[in-house]
Structure formats: structure tokens, C-alpha cells
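Handing you this structure, nothing more for now.
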Amino acid sequence: MFGVLFEQTADGQRYIDWLLSGLGWTLALAFFGWWIAFGIGVVVGVGRTVQNRFLAIPARLYVEIFRNIPVLVQMFLWYFVFPEVVPSALGDAIKQIPPPWASFFPALLCLGLYTASRIAEQVRAGIEALPRGQIEAANALGLSGYLTYRYVIVPQALRLIVPSLTSEVMGIYKNTSVALTIGLMELTAQARQISEATFQTFTAFGAATIIYLCLALIAYQGMMLIDKAVRIPGSAPVKLSADADLAAEVQQAGALPNALEAAK
Amino acid sequence: MNTLDFSIVAQSWPYLWSGLVFSLSLTAAAFAIGMVLGTCLALVQHFEVPVLAQVVRGYVAVIRSIPLILVLFWFFFLVPIVLGYLSGNGRPVPIGATFTAFITFGLFEAAYYSEIIRVGLRAVNKGQFEACQALALSTYDTYRHIVLPQVLRVASPIILSQTIILFQDTSLVYVLSLTDLLGAASKLAQLNGRLVEMYLVVALAYLAISSAASQCVAILRKRYALATSR
Amino acid sequence: MPQETVSGTAQAAPIVVVENVTKRFGAFTALNDVNLRVGKGEKIVLCGPSGSGKSTLIRCINHIEKHDGGRIVVDGVELSHRLADINSVRCEVGMVFQSFNLFPHLTVAENCMLAPMKVRGISQAEARARALGLLRKVRIQDQADKYPAQLSGGQQQRVAIARALCMQPKIMLFDEPTSALDPEMVKEVLDTMVELAKDGMTMVCVTHEMGFAREVADRVIFMDRGCILEEADPETFFRAPRSERAKGFLNQIIH
């Protein structure tokens, strides 16, 4: 059934090359977007928990704005609107960027900043779940606010939220498909293109679906490994609040073993 | 940088409004279908119905692992074929993008809601089941009157958060060229060339609706936390 | 020890001065016009029923709770709300908590090394040598590279004592250090504290361990409802408590 993927395309490649090139863009977008998101997410998440208003209010605004506008709309804002509202010299420079990158960079920025707002909320939940005594002990030892966050709070909070970050990893690679609306030929776009070129819709979408399932499996397994690697010896995982715990479990559940069964 | 002119937005207000109404109806319909179907899917898994439970697990896992846009493409392609097959004459039934969108979002969200409810079902205290048995309640009554109400109560903040995400996700019907809020703005923008104003207004509209809804969820969460701490 | 000598030392070189301190939590008054002087090398045991303000008092001494009124001076530095003052005071004041509050993601040695390295700025090698030395002192050196969750409660509390000592504090505060422990582990922690007392450390301990109070305390202070009701050497306090409340309290903890 997947034979058509190995047929020649009009441009002398095989259809599977289209798919693989799409996968490449998807992975690049997800990978680099993730690190942007993680970096900003941790900073903003910490900002949500500090007393200082000059940090807490911008952090809160960041989360509110980026979490409450659909990814697709944000994609359009970065792609269509951003070059128009910055000084025209910069805007013109942006418009000079050649094709795949002209879509890639706005998509990267969009997914990175959007996912950061979601990670920030996870980080905040992780920090708020820590026992109060940890901060008191750090204070009693004379650690400053920065040192307390750097060495005591953030390392523990990040360990706590590894399971719920799994869903953010899966979220960002799924959201890469939104980049097709601004012309990036990522995996879903390539599948659609193959379907239109060959009329083998079932094969084209089927192949893309299987690739996405594999990515889900890899993401899940990878996060399990990380969870195991950073688990503190001798300790049971600390529970988040019942409500957040349920949410984390919901996000985490269903990827696997269900994904395994589906792949059978 | 051109000067912004928002009067264009005021002129096109009725069209944008109809787009918003479409977005909201799609959200409401997907919520209704998704919750009913999602509860069924969760119960099928919860009771380990032979074969069916495996099928449902596979369905939920696949839906949750692939992008919604791909799901939309799948359904756009599959639904007419399946309907043709069901109607007996074997020929695909063209049903249009709007109908496809309603079916897709309903079935897609069912997978997400079912996962929330399934985990919620597991979280119900064993003592509740024992109490029901002691009162000789039937399984149906136990779930209908005792278990499900508790699950829905515990899970309501998460269900509502998911619904806010659903509302935002409805903007993806853009890929089916439908006229939801974003679709309306995009079509107007192509006509009048006022991309910047149109997309900014749409972004603000989504922001206002979603964050108002998020505030409600936050209040609900707080109230729930109070109720359980007593 | 005669009363005059005790207050004499306190006045000669008070390392902690608490004057007219009040602290409220909403409508609840946790500390009501409390005065206390702690001399260098003095060992003080604070006791009283729960809610009497004894924990709040020592938590105010290193500013984990902010006092609302009055003055607290530690080692010549007044605890204002200036961060620099607070941190410099905290470096000189070690604190041991009821619930240990070890950092679970760091090994025992790392728990002891963190603050000396980051706050005092000593080298890693020196911090580790100091940590191992103090862990030996609390007889737990062979557990240095384990994580807190792999230790028993008594061991964890001894690590917490070593961690505080690694900052080379001038005074140690103990907030019910044995209350969260299983009975068989209380002794190992108390033994460590007795040794510390014999080394001449200035100590303020909130505890109900009356054996410990008899053995090491220069003064026992009885608090109730946010006030200091009684202050005496342990023999006097245990043999002839003056207030009715202290009598009632002693009856309760003895039986």
C-alpha cells in the first residue's frame, strides 16, 4: 500500500523524500522551538512566583497573552503583522528573507513563545507544590533569593514537572503542523501535497500518521528516561495538589501504553 | 509602517460577528458531542469491555498523538467515504466542510475528554463503591448518581480548560476555508488589504474571550479547593 | 548556677537582644511584648504549650518571621527589613527545623556544602572537608554521599545540624528538633545537641525534652499565649514553678 511513496515525482525525487523533508522541518521546528520555550518558560514561571511586582506582573501578562490567543492567530501575527508594525527598515529586511526561512523563523518564534507560556504555568505549579520548609531552610542558611531559586527551588520544581512536560513536548511537535498555514512544507503539508499529486490520500495521510505516532512514542519514552535519570534516589515522587496532579496525569496518560497498542 | 485604520473593522463588524458565532457554535457542538461520546469512551475503557476497550484505547492514542490539522484532513477525506459506505450505495457522499468540521471536532474532543474522565474515574475513592454496594445500588445507579457526578465535579476545571483550548483550536478550520472568526477576518483582509488591523482585532477578540473564560475557571478551581478543604 | 551570674553574662556580652517584640498573624497575637537577652555561650530552653509563641520567637530571631514591633539585635546587627542585614544575621545564626528541611535533590555532603560555597564563598574542596568534618562530629560521615530520603529521621536531623554548623554560626536555634522523630531516634539527636552544648555553642532550643533541659540549660523560659511567664534555672523551674500555668504544663508533659 505504501508502494506509491517510492514512485518518482515530477521533480525527479521520490514521494518518500518529500515526506522525509517534511519530517526534517517538523523536527527542526519542534527541537529549536522547544529550547526557546523551555528557557523562556522557566524564567517566566519563576517570575510568576516571586514577590517583586516588577517581575510578577510582566510574567503574568506574558502567560495571559500567549496562552489565550490561538496558535494559528499568533502564527499570522508573526508572519503577516509583525513585519508591518516594526520600523520599516526592519520590516523590509524581514520581507527579504528567502522562502523556507521566511516561514520557518516566524513559526519558530510563534511556537517557542506560545509553548513557553504553557511551560511557565507548569513551572509555577511545580514551584508552588514544594514544601514551604525548603525556602525557610534556604533562608536560614543565608542564601539570597537568587541562590535559593537557582540551587534549591528550580532544580526540585523541574524534577517534579517532568511528567507534565511530556505533554508539552507532544504539544509542540503537533503544533508544528500549524506552520503549513504560512507556507512551511512540514510533514502534514507534504502529506497533503502527496495526496494531491497521487490521489493516494489514504497512503499519504497514513504514512504521516505513522510518523507522528512514532514521534509520540519517542517523545514519551525519552521523557520517561529523563524522569528516571533525574529521580532523586530513595524518594517517592512528590505529589502536586490533587487537582494539578489529576491534570498532569491526564496529560501524561494515553500516550503510552495506548500508543503502543495502537501501533500493533 | 502604514498608519493603522481600524474604521475598516467597524464596517466589517457584521461579517466578523457571524464568524465569531460560527466559532462559538462549533465549540458548543464539539463540547456537547465530545462530552457525551467521551464519557462513553471512558466507561468502555473503565469497564474493560472486551475488544471494544482496545479499539477505544487505540483511537484515543492515535487522535492524541497526531496534529488536529491532520485529523481535519483525514476526516475531510474519510467522512464522505464512510457515509457512502453506510448508506449502502458505496459512492462517497459529499457533505461539505462545515458538517465535516462539526463531526471532526466532536470526535476529536471526545478523545481528549474521555482521557480526563477516565483518569477521574480512577481517582474516585474505593469507599464510595463499597458504600453503594452496601446500599444495594445497581451498577447503573452507582455510576449515574454517585460516581459520574463526583468525577465531573472533580474534573470540571480541567474539562473547562480543555474547552478553552478547544475554542482556540476551532480557528484551525481555516485550513478547510471555513468562515469562522479567523476565516472571516482573513477573507476580509484579502479583500481590503488591511491585514494588520484585521488580525490584531481577531487576536484581541480571542484574547478577551479566552482570558475571561480562564478567570472563570480559576474562580471555580478556588471554590472547589475551598469546598474540599472543609 | 546562681541567677545573678546568668543574667550577668547575658548583660556582659549579649549576642541576641529581643526587646518589646510583638508579632501578629491576623487577629492572633503570637508574641506580646517579649523581652529576651541571650549571652555568648548561654544555653536556653524555651518551652510552653503549643501556640504559646515559642517557635515564632526563634523564627523571628533569624527573620523567617518578620516581627511587627520592637527590636531584635543579633550579634550587633539590628534586624530591620534591609536584606543585607537579614542575610548577614542569618549567616551567624544556624537553624534546625522540626521537619529537617534537608534539600532532597542534594546529597548529604552537598546539603552541607551549598551555603558555605555560595554564601561564604569558600572553595569546593574546603567546603567538602568542613562538611565531612562536621558529619563525623554528628557521627554520620559514612552517609555523606547518600540522599536525604535514604536516611532515617534521626540521621536526617543530625545532617541538618551539621548543615547549620557548616556555616560556622555563632548561635544555633533549634525548633522542636525531636518532635517529628520516632521515639527510638530522639536520643541520637539529643546526644548530638548535648555535645554541641559542651563545646560551648550558644543555643536557643524549643523543646519539651526536660532531661535535655536539666542537663545543659542555663535558663529555662516558659511561654504562654505569646508572653514569657517564667524564667529560671532548670532546677528551680522543675522543682518549684511559680505560675499555675507552668505547673499545669509540667504536669502534662511529665505524665
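By letter and in written order, the chains are A, B and C; residue numbering begins at 1 in each of them.
To be clear about the criterion, contacts are C-beta pairs under 8 Å (C-beta built on N, C-alpha and C of every residue); 3 or more make two chains touch, one makes a residue touch a chain.
A quick note: this is a predicted structure, and the numbers were derived from the prediction, not measured.
Trainee: Tell me, please, which chain's centre (mean of its C-alpha atoms) is farthest from the centre of subunit C?
Mentor: So the farthest one, by centre of C-alpha atoms, is B.
Trainee: Using CA atoms only, can you tell me which chain is the most central one in this structure?
Mentor: A
Trainee: What chain pair shows the greatest number of contacts?
Mentor: Here the largest contact count links A-B.
Trainee: Measuring centre to centre with CA averages, how many angstrom lie between subunit B and subunit C?
Mentor: 56
Trainee: Round to the nearest whole Å and give the separation of the Cα centres of subunit A and subunit B.
Mentor: So the centroids are 21 Å from each other.
Trainee: How many angstrom lie between the CA centroids of subunit A and subunit C, rounded to a whole number?
Mentor: Taking the mean C-alpha position of each chain, the two centres sit 47 Å apart.
Trainee: Taking the complex as given, what residues does subunit C use to touch subunit A?
Mentor: Going through subunit C, the ones touching subunit A are 62-64, 83, 87-88, 90-91, 93-95, 97, 99, 101-105, 114-115, 118-119, 146-150, 163-164, 167.
Trainee: Which residues of subunit B touch subunit A in the complex?
Mentor: Per the touch definition, subunit B meets subunit A at residues 1-2, 54, 57-62, 64-70, 73-74, 77, 115-116, 118-120, 123, 154-155, 157-158, 161, 164, 168-169, 171-172, 174-175, 182, 186, 195-196, 199-200, 202-203, 206-207, 210-211, 214, 221, 224-225, 228.
Trainee: Spell out the part of subunit A that touches subunit B in their complex, as residue ranges.
Mentor: Listed in rising order, the residues of subunit A that touch subunit B are 64-65, 67-74, 76-77, 80-81, 84-88, 91, 170, 174-178, 180-181, 188, 191-192, 195, 201-202, 205, 208-209, 212-213, 215-216, 241-243, 246-247, 249-250, 253-256, 258-259, 261-262.
Trainee: Over in the complex, which subunit A residues touch subunit C? Could you list them?
Mentor: Against subunit C, subunit A makes touches at 131, 133-134, 136-144, 147, 151-152, 155-156, 159, 232-235.
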